[in-house]
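Each chain carries a letter (A, B, C, D and E) given by its place in the written order, and its residues are counted from 1.
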């Protein structure tokens, strides 16, 4: 489930974001604790190794290696920060783009409700079927990009069972062979059915039909864009460069950030704190930022903070049906409002 | 209330932004003074602790710890600046996006005024009711995202009382069950009512109806986007990373920026000023920038600088009614203008 | 007047931007010289103070304070550069957004000229009045955001005198009370008048009317956006943070960048040049960049580089009238062009 | 083939991006290994040269040169990182812009299917020909920008053979002479044919024809934008600046990063590791980032990660024909859905 | 001519961008060599001055000045890099915006070809004249912003001669006085002529006329935006700040980067190479980046990499005439395609 926290930070108050730090669900701690433990483990291993297992001469060599490593983790030698900043910004824009292109049937249902007429069974059937086609299409596209939706509808039969499709339609759907995703087929049905409704006079004029087609095209455009966002991701090379930068940074940290014997008077090694507080904090920041990237590069997974696709599918079909069926021409009596005159 | 200051900086003059520094309302001082006092308090505590309560040997240890801490607050070790820059830019874009998507009825009212005809009571009723539905919808959406609006309309009854809804409409509204926000219902009523007005001939042609539907869809799109901005915020993990970075930076500052005994000849500790001017300034900049983030991440709260949602709601219903009722076909006599010929 | 210099840099030539440095109008020198003199004055004061008025022991203290201050102005301790970069980029985007949303009547006038018919007086009257309403609306909005336009039209009577409004219209305008800016009223008149022109048959079909309404809505959208750009500025807190950063940076510079006695052998103080060339250059860059921010945060002031709102208002009304009146159906005879066949 | 990896990173899990590092196809290793070997070769050459071929005096000189070089590779002297960051961000935006402007016939085919009527041969012929023209146009534009597509269709005859064009059409196409790309001609045919279909009554009303023309214009706009993306690239000067920065950085690295004799006590040369781990890592990051730039600056080449233009061409013609021919008015019987009542 | 190089970098290959470095046309070398020689000359002058003309005591002073200068060119004291990065990014966005707003008549000609009917002379005349007006308008706007186009058409007579305008039209054009650019007049003629064609029945219905007007408005919008891009440039102050930063940086370099006598043991002055390789490289990067800015800030000049406005004008009129005249209703016989059944 998407983790919403805007209400808690509605006001910029004393303490501010403090309370956000104490959440577990969708938090950085939950995402990172395993990697953190691994990092600590390796650090402790090297620490013990250096302190107890090496001969003085070996210690000396270790110290020189550690100093060498440290030299590069302290400066901007490995450009972790910069690369991460650019990468996460890119990923974030894609992430928001995917969200805003999630196909919502709200415009379509309003248009269907206002322009496909008839309170009889045929009218209801037309309106419900049109909206069902629109929702079916988004289910088909989401199945191919969201692991959550695929789990819910592992086969086409599950979609039929859930009432998004009839058996006849499934047959029709499967009788056409295409090597590519066929999510656009129900939308073509929509277009054809709207055309037929116009012939039957259920859609009263050409302009209303055009309105239906325009909204349909916008809806299809969003489905299509979602499909392409999934198909064309940030080039693998870019992701690899970023990952390598972060991982190698911390690989050198486990050696370079060891506390060396303060008595040997190495520069910046005046004190032995055992716990490398700063390095651990750095781990939180850098690895945390990389995790942000991992999290948002595919928002259709099953992370705490990924989009609630299944919930959205339910919402969409429910409000679609409400709007075109229950609410069709169901108006409260029009009265003068309070401020009349 | 939004704090507007553009008029004061209309010209780039000598002194420039100076006068902006002397404002209290909506200022950084007002937002930050509590945090600032806390930070000072902790700093003073450690200062007193170090100077008066420790034995010389303990002081020596403290000094080493302070130097160690300082080493990391002086360099870019904790990437506060960079992370903040990216984060605030993101938040700012969302903030402006939310503002420009605030649903304003201006286009809709102009279209209703020009295309729903009749100076009789029925005509007025239709126009007023249509605009009321549009405004009602934005009130419903704002109730769910703005704490200010929720305080104003804690229950649906308050909305009825304020004249945005009749009791019949409320019954109709509540008779339909949906697990999700039903802000779209009044807009479906709008669509149905416009359809009926077309049948009655109040809307004279299909193209005028289409125009009404187009503007309605744009209006609905803005309501919807506002809802989604609220639902899907910047991932919690990102906010946590930024907050942790800033807070831990200052946690180390209270120790690392203590003035150490100048007589001991530590590097960069040649003078004891008691008041860490620079650290306090840094606190202002970094904590201030974080506050900017807090402020704009949810612009529907009750900060000085948050959007004046209630005022906007009042403005919208007022101009809606003026435009479709008082001004309907109320034209001054058309005369030749001054430059005729 | 906007300072245009693109023609001078049409080609990337030897010397390049050199000649741009020699301009006074709209230049950084003109904007900055007062602040610059103030900065120099304070610097000289401290310099004289240090060199001639202090006892050797006081000089010693001053030197330590100066070194302490310098330490923080030389490094990135106060993040002037970074904060300025982000801030100016934000401000620049708003600035360009405001410019591209300046309401120009060109589309509207072309549509009126092509679709509101009649060469008789009534036809001319309709076309001229429609365009006058559109221009009036932009004058009303600009009065509320541009100090230049407000100076030109301090009262509504000035607008009537300038011929944008008749006295009847002014009465009509003032008879409606609203607590908010009423710039949208002339546009509602436009909508109503277009509607009436359709009834009179001056607008020949519904599609032409729709075209008028569409362009009207786009025009209104721009007026509205301009109003909102003015209302909601970059949060005051952000501007304060940036200003504080720059001002405090230079406050420390006047002490920290003093040339200390070279004989005392302080690091980086090997030479006494009296004039702190680099600090003055830095002042130019940082304060200059901040001035860019001040300049563009409100482009409707009276700076050299602000938008020429009054000139644009004149241009708009002039071309509007030319297009719908003089040029109406005034076509040169259609001949075969040169490349016929 | 585009390398898709989003499914593998659907969830932000322990280990995270780890598995992405082990891929070969489309990976940074595949892109970079040759350059890497060359870099290593040169480094080894200088290393051997310094250690074994120079006299002690020459070694001394070499060491001074190396120290001099190192001084500039360690600091931000050559602004590789910054320049790369800006450049790759620019290139990335262009890359995504090109992808989203890839002309897809989906909207067009839906509109043709719903608005060009007739189940007889003439109707099928019209629909199929219209879609063929649209696809032909995109093939013509892609031939001029994609090396893959040019290989597939080296001459116009290949296009005829592949069934995108008839011989008559080819003659017609070649009878018109233009010095510029003629990709727009089939779209003009489309426009003319649609016009004829309207006259024949196959397109039933003017609004349907308008819909066809609107979608055609959007399709043409995408073809056109693709052409211009290819024509106007990032200015050569910019690309040269970036390339020079990266190449010269590494040119100095092969000398400056040599391990100097630790016994001579040069600063930061306390240890001789033979293999310059950090420099190699830096090579990976910087050269890898530059490769990202090379990869995405022209996504119509034959890299692993370039767009699969040929596959898209096949998909487009296939679904076009399916939608307008097989699926025309081929609706499953409309039944009550599961949740009826 | 725009320098196109995308085909050469279609694939990310070994060597990559290498070959781009060897081009002269549109290259950084061509743009920069004069400035480079000047810089070298001044550097050599100071070098000779220091080595041969100064007494030992003067050399000592020079060395101290040089060290002082160097101190500020080595660090980020003068924020050249950062300021350049922001500035070039801004300029690049404007540059691309200008390109994508270049008015192309392709949509308009397709619409004219499909909707203005008649194979007789009157029909041809109407279609050709409409397209001529559109092209004329873009020529007028380009004359005012592009030095190339102004050279080609120094007076209005040249435009008449080139066949874009008849003498009657020129008279008509000049009979109307306006203090502002009159590029919009031919578009008003277009609008009026289209209106007349509708009356004559050449345009068959209102919807087709609306389509013509819509495309006309889009075309005009692009002309207008081009004009405004030229009028409102990046504020002069910003350009001056950037130029001053780069120029002063290099002014200090010619002194600060002199090789000082290695025997005097100044820090980082262990070796005398005579040629300051790094400084020259830096010159290439920074001055090169500034040149990128100069190049793209006005893409309508006569640089190698500027837009080929004259070529585009030729292309536009040529394809316009082809599309509306030669290709009007000139369709190849419609045949079954290869994959029929």
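What we mean here is this: a contact is a pair of C-beta atoms (placed from the backbone, for glycine too) under 8 Å apart; a residue touches a chain by one contact, two chains touch by 3 or more.
Because the structure is a prediction, the values reported are computed rather than measured.
Least step count on the touch graph, subunit A to subunit C: 2.
Touching subunit B and subunit D together: A.
Of all residue numbers seen at the subunit B-subunit C contact, under half occur in both copies; the interface is built from largely non-matching residues.
One finds 24 Å separating the Cα centroids of subunit A and subunit D.
Mean C-alpha positions place subunit B and subunit E at a centre distance of 39 Å. Looking at subunit E, one finds that residues 31, 76, 82, 206-207, 210, 291, 295 touch two or more other chains. Taken as a graph of touching chains, this assembly forms a single closed ring in which every chain touches exactly two others.
The ring of touching chains, read from subunit C in the direction of subunit E, comes out as C, E, D, A, B. Put simply, subunit D touches subunit E in their complex at residues 31, 34-35, 64-65, 67-68, 71-72, 75-79, 82-83, 86, 90, 125-126, 128-129, 132, 145, 147, 162-163, 166, 168-169, 171-172, 176, 178-180, 184-185, 187-189, 191-196, 206-207, 209-210, 213-214, 216-217, 220-221, 224-225, 228, 230-233, 235-245, 247-248, 252, 290-291, 294-295, 297-298, 300-303, 306, 321.
Subunit D meets subunit A in the complex at residues 2-7, 9-12, 14-18, 20-21, 23, 26-28, 31, 74, 76, 81-82, 85, 88-89, 92, 99-100, 104, 106-107, 109-111, 113-115, 204-208, 210-211, 215, 268, 270-271, 273, 278, 281-282, 284-285, 288-289, 291-292, 295-296, 305, 307, 315, 318-319, 322-323, 326-340.
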